[in-house]
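Heads up, the next two complexes both have chain A, just with different partners, chain B and then chain C.
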Partner chain A sequence: MLKATIDAEIFRESIDAIAALVTECRLHTAEDQIRTRSVDTANVAMVSLELQSTAFNSFSATVGELGLDIAKLKNIIGMMGKGDALTLTLLDEERKLELSFGGYRYSISLLDVNTIRKDPNPPGIDLPGKAVVPGDALNNAIKAAAVISDKIALGIDPDAMTFYMEAEGDTDHIKLALGEDELVALNPVQARSLFSIDYLKDMGRVMARADEVEVYLGIDHPVRFVFDIADGNGRVEYLLAPRIEAD
Partner chain B sequence: MGVAIRDLLADCKETLTWDDLSGIAALDAHNALYQFLSIIRQPDGTPLMNGAGRITSHLSGILFRTVNFLEKGVRPVFVFDGKPPEFKQETINERREHRARADEAWKTALREGDMEEAYKQASASARIDSHIIASSRELLDLLGIPWVQAPSEGEAQAAYMVRRGTAAYAVSQDYDSLLFGSPVLVRNLTVSGRRKTRGRTITVSPERIVLSSLLDRLGVTREQLVEIGILVGTDFNPGIRGVGGKTALKIVRNGEFEGVIAEKQPDFDPAPVREFFLDPPVTDDYALEWRTPDVEGVVEMLSSRYDFSEERVRSALAKVSVKATQKTLDAWF
Partner chain C sequence: MQFLEFARVCEHLEGIPGRLDMIEQAAAVLPRLDDEELPIFVRFIMGRVFPDWSTKKLGVGPNLLYDAVAYVVGTKRETVREAINTTGDVGLAVEGLLAKKEQTSFFIQELGLLDVYREFERMAAAEGQRSQREKLRVAQGLFGNARPLEGRYLARLMLEELRIGMGEGNIRDAVAKAFEVDVRLVEHAHQAMNDLGEVALLARRDPGALSRVTIEPFRPVKMMLAQAGTIAAQVEDHGEVAVEYKYDGSRFQFHKVGGVCRIYSRKLEDVTASLPDIARLLLEATDRDVILDGEAVAVRDGKPMPFQYVIRRFRRKHEIDSMMEKIELVPRVFDILYLDGETLMDRPLAERRKALDTVLRAHVAPQFLATDAAAAEAIYAEALDLGHEGVMVKVPGSPYTPGVRGRLWVKVKPGVETLDLVVVGAEWGEGRRAGTFGSFLLAVQDQGRLLTVGKVATGITDEVLAELYALFKDKVIARSGKEVTLEPEVVFEVGYSEIQTSPNYGSGYALRFPRFVRVREDKSVDEAETLEALVERYGRQKNGQGSL
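Our next item is the complex of A and B:
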């Protein structure tokens, strides 16, 4: 069972966070929250999202699992106005989700959860390096690197006390180092891994809206980004596998 | 081969595009190799061979299909059969005899100059021996493609991996995967594309069967689906003469499974076969990692030892080597 009302903007933010990686997901409902954990089809990146009941204007749910067509939801969200209140109602018998806002009433078919890949286990990764970065600074760096390359190195230099992003094109090079003044916090442990900009661009657009993004890094390890949404009533985590440095 | 329940599945098959297929695919290795060996042949039915007469059809299939998979975002893992259960012996003997007969018929057709018949019989004579298995594994290792040794049936292990969420779907031409409980089965993945059958060129597209939808549509449980399989015959029991999918469905729905077996095959105890489908031996002992292909290693194996054109091998590998620099999260789960 699910019946809940939420600010359209918060819902948009949540769906955008998921849509950066997947086009469908299993959404778990519980008495006090909704959550999802999905891996993209290539098994390169994972998104986890939790939205507490406090993020909603009203929330009533029982434990359940819904197959969401994220691509379809994203289109519907485009119709919502700022400040609209969105009511979500699960129509159990018909396996449909009803979205009503601003006079519209959409009823969308849910996907058969059996056709959606099962939630991955929470990965056990030790990522010792940590920097807390303003979301827009992170997104801007990704965009800057995208101009010259399809991959970017993220790292921490403990001697210089900086978190840095570095990209190498065929002929061009770009490096941005953020020191203690520009960072919210830094755990200075040597770290450096290379990542695909294709993935980071989509994540960056979502992270740009966050005041602070926690970035966890290791050496040739995945990167984990963690940030709040919905005024701290929700949390998003991205995990992205590294690329191997080519010869 | 496998379980003959095709007539029950007609409405449950969805034709897919490659975009629907990205993700991890657990392939029934023997089934895939058998497809390669049957299909990749010269017009008179002779399989591809190197100068020393060693068969290379399967290596060609693995190389070019795998490259195609990776390009399309499909990450294959090959699951090899282990020790067959004792009650499969009869099927194994029958297949051996069938292949021997086909082998004879192929030679006869060649003598008579009937190329169409020769190709057909040659396909049916394809066999998987220790050379085929060993060389397949060697090539997969060099390509950086993971493979899993099943303790028993490969399809059972593949189904288990899909149930566990390790893989998105099982790939086989046989329907047994569904009896083994694979939530999703994809067919025609190793044979899709344009293909010649009996002189005509047809297009074969991948198709998907979702177990839960199939059970809903038939109005049966998985246990009952296994009973249907046992009635029509599986690799582990011959089935009842004259009973096809629809009759079996009726029998099972009416709760007459035990009665019909007791009447028609009083000496047959279906319990071990049922047990084998519902709870087959499987293993958690596998690690899935897709590594960058060892280009020089593949060239050495295929071009130096198996007489493949080096240019073709290199150009196939070039298509995937760029993507292969991206690691997946599997290594950390």
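Our next item is the complex of A and C:
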């Protein structure tokens, strides 16, 4: 069972966070929250999202699992106006989700959850380096790197006390180092890993809206981004596998 | 069976030069497969995903495949295309890219043979606006979990071109050997079922049933084919012959049960929607349940129109009504394979013909029986006067053998001899032909391999040249100087004056004065001329026999 009303903007933010990686997902409902964890088709990136009941204007749900067509939801969200209140109602018998907002009443078919990949287990990895970065700074650096390369190195230099992003093009080079003044916090442990910009671009657009993004890093290890949504009533986590350059 | 094991089998077979050894090795694998895997393995090993009678299509083009690989490897489509250009082979390129991919992943799921098949079914089922995205997603998932060697054969399978030399004949022999059944029974069942996968399963479970397999409505069988020949030889060999006009139309197979009918093209595609007039005429002409073999002919003022008018209609998916007014198509039915639950394929042609005359009230193509060459020649002359291509000279006692190009049916037509050849490459043109392909490299097939037999550059008008460029420009898989290698998907009908031996081409033969006649859009690559048939033509011409 699910019947909840939420600010359209918060819902848009949540769906965008998932849509950066997947086109469909399994959404778990519980008495006090909704959550999802998905991996992209190539098993390279994971997203997990939690939205507490406090993020909603009203929330009433029982434990359940819905198959969401994220691509379709994104199209519907495009119709919503700022400030609209969106009511989500699960029509159990029809296996449909009704979205009503601003006079519209959409009823969309849910996907059979068995056709959607199971929630991936998060890999047990230790990422000792940590920087807390403003979301828009992170996104701007990714966009700048994308101009010259298809990969970007993220790292922490404990000597210089900086978190840095570096990209190497055929002829060009770009580096952005953020020191203590620009960072919210830094755990200065030596770290550097290389990532595909294609993945980061989509994540960056979502993270740009966050005041602070926690970035966890290691050496040739995945990166983990963690940030709040819905005024702290929700949390998104991205995990991205590194690129390892051949010697 | 894990897909990796399948890939290893393919790699092993690919390295075997001899046909017998290859059959032996393939036969050794078949008994190890379970009932669900066996039919899939048999189709996959021939580079096919679905049964031949099925109208299901994977629908994966080269670009979709490149995008999926690029996504998984962490690179761009162009890089994938370049890798393919360098190696000249999609499979090897993908294998190489996966082997040195920089992008790591969190885990991989072991791919089973059945998993891969199910994913292919998802691709085939994807329809509508979002189908390409869905197919791309499935392809990414497959390549994301594939080891390099698996990637080699996944890529080739997706393009339905395995290139390991395992053709129908070899796998048929392997099935017979693996389950110790008579190869003729396997062949018979294959002709009726039109899916070697299911035949293999039957050969294992109930070999006795192989001889009882019958043709079924809405499961098209391959069409019986004819060799080029002469009236004199056919009369001399068989005494009485049945002579029919050879129509310059397009072959079809008509299936009807009750008021429901489907029409299949020569490639066994469902073309019912494109040919409502043929469907209506034949539905009106019989009350019985039938499978008929015939030719769709374009007619204007009672005179036959050339082939190109017919094929335009077969290809038509939209605005069929307006097209129908311009081109009137009529059926010319010359054979019946099935009548009210009974297979007629094994009956002699004379008997089938009698049945046809009684069940079909109209549209039966005329047939003339002749016992001497002069009478048959007279019909041939009449056929040409009427504007037909020539005549078919058939043995009245012959059974209907799907997919077989035997001597029981012989086609006789004047002028240039033609061959249907696979286009495997092209060369950029010069002068007036700059910016398009000026000549095309042709090949015959031999046990799943394509062997070159020459180039054709003449007989192509500027208009056709532009059409050909549009047809081929996205099929380029490798470039080297002025030459390009093309995905082997298109069949040309090519005229020639003589076949000569030649060290310059892979087949060992070359064509003298090759001349482009037309694109055989109704023919797939596996229907192209075989090396065996080419050698036979060469032999006949040397002995001074035939009309060559």
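We take it that the second predicted complex is superposed on the first by the 245 of 247 C-alpha atoms of A that agree within 3 Å, B and C clash if a C-alpha of one lies under 4 Å from a C-alpha of the other, contacts with A are read in each partner's own complex, and residues count from 1 in each chain.
One rule holds in what follows: a contact is a pair of C-beta atoms (placed from the backbone, for glycine too) under 8 Å apart; a residue touches a chain by one contact, two chains touch by 3 or more.
Since this is a predicted model, take the numbers as computed values, not measurements.
S.K.: Clash or fit: how do chain B and chain C relate after the overlay on chain A?
M.R.: They clash: once the shared chain is superposed, the two partners overlap in space.
S.K.: In the overlay, answer first, second, both or neither for which of chain B and chain C A:N114 touches.
M.R.: In the superposition, A:N114 contacts chain B only.
S.K.: Output check: A:I244 vs chain B and chain C. Expected answer is one of first, second, both, neither. What do you get?
M.R.: Once the two structures are laid over each other on A, A:I244 reaches both partners.
S.K.: Tell me the contact category for A:V39 with respect to chain B and chain C: first, second, both or neither.
M.R.: After superposition on chain A, A:V39 lies in contact with both partners, chain B and chain C.
S.K.: Please indicate which partner A:V223 is in contact with in the superposed arrangement: first for chain B, second for chain C, both, or neither.
M.R.: Neither partner.
S.K.: Regarding the shared-chain residue A:A71, is it in contact with chain B (first), chain C (second), both, or neither?
M.R.: Touch partner of A:A71: chain C, not chain B.
S.K.: So in the superposed three-chain picture, is A:S196 touching just chain B, just chain C, both, or none of them (first/second/both/neither)?
M.R.: Both partners, chain B and chain C.
S.K.: Thinking of the overlay built on chain A, is A:G124 touched by chain B (first), by chain C (second), by both, or by neither?
M.R.: first
S.K.: Check each of 5-13, 59-67, 257-265 or 275-283 in chain B against chain C and return the one that clashes.
M.R.: Clashes with chain C appear only in stretch 59-67.
S.K.: So which bits of chain A does chain B touch that chain C touches too?
M.R.: After superposing on chain A, chain A residues 39, 41-44, 46, 120, 123, 196, 222, 239, 241-244, 246 contact both chain B and chain C.
S.K.: Tell me, which parts of chain B touch chain A in their complex?
M.R.: Residues 22-24, 73, 75, 164-165, 168, 183-184, 210-213, 292, 325-333 of chain B touch chain A in their complex.
S.K.: Along chain A, where are the residues that touch chain C in the complex?
M.R.: The contact residues of chain A facing chain C are 23, 39, 41-44, 46, 71, 120, 123, 150-151, 194, 196, 198, 222, 239, 241-246.
S.K.: Which stretch or stretches of chain A touch chain B in the complex?
M.R.: These residues of chain A touch chain B: 39, 41-46, 112, 114-115, 117-121, 123-125, 196, 221-222, 239, 241-244, 246.
S.K.: What does chain C use to touch chain A in their complex?
M.R.: Going by the criterion above, the answer is residues 71-72, 74-76, 100, 102-109, 130, 133, 137-138, 140-141, 143-145.
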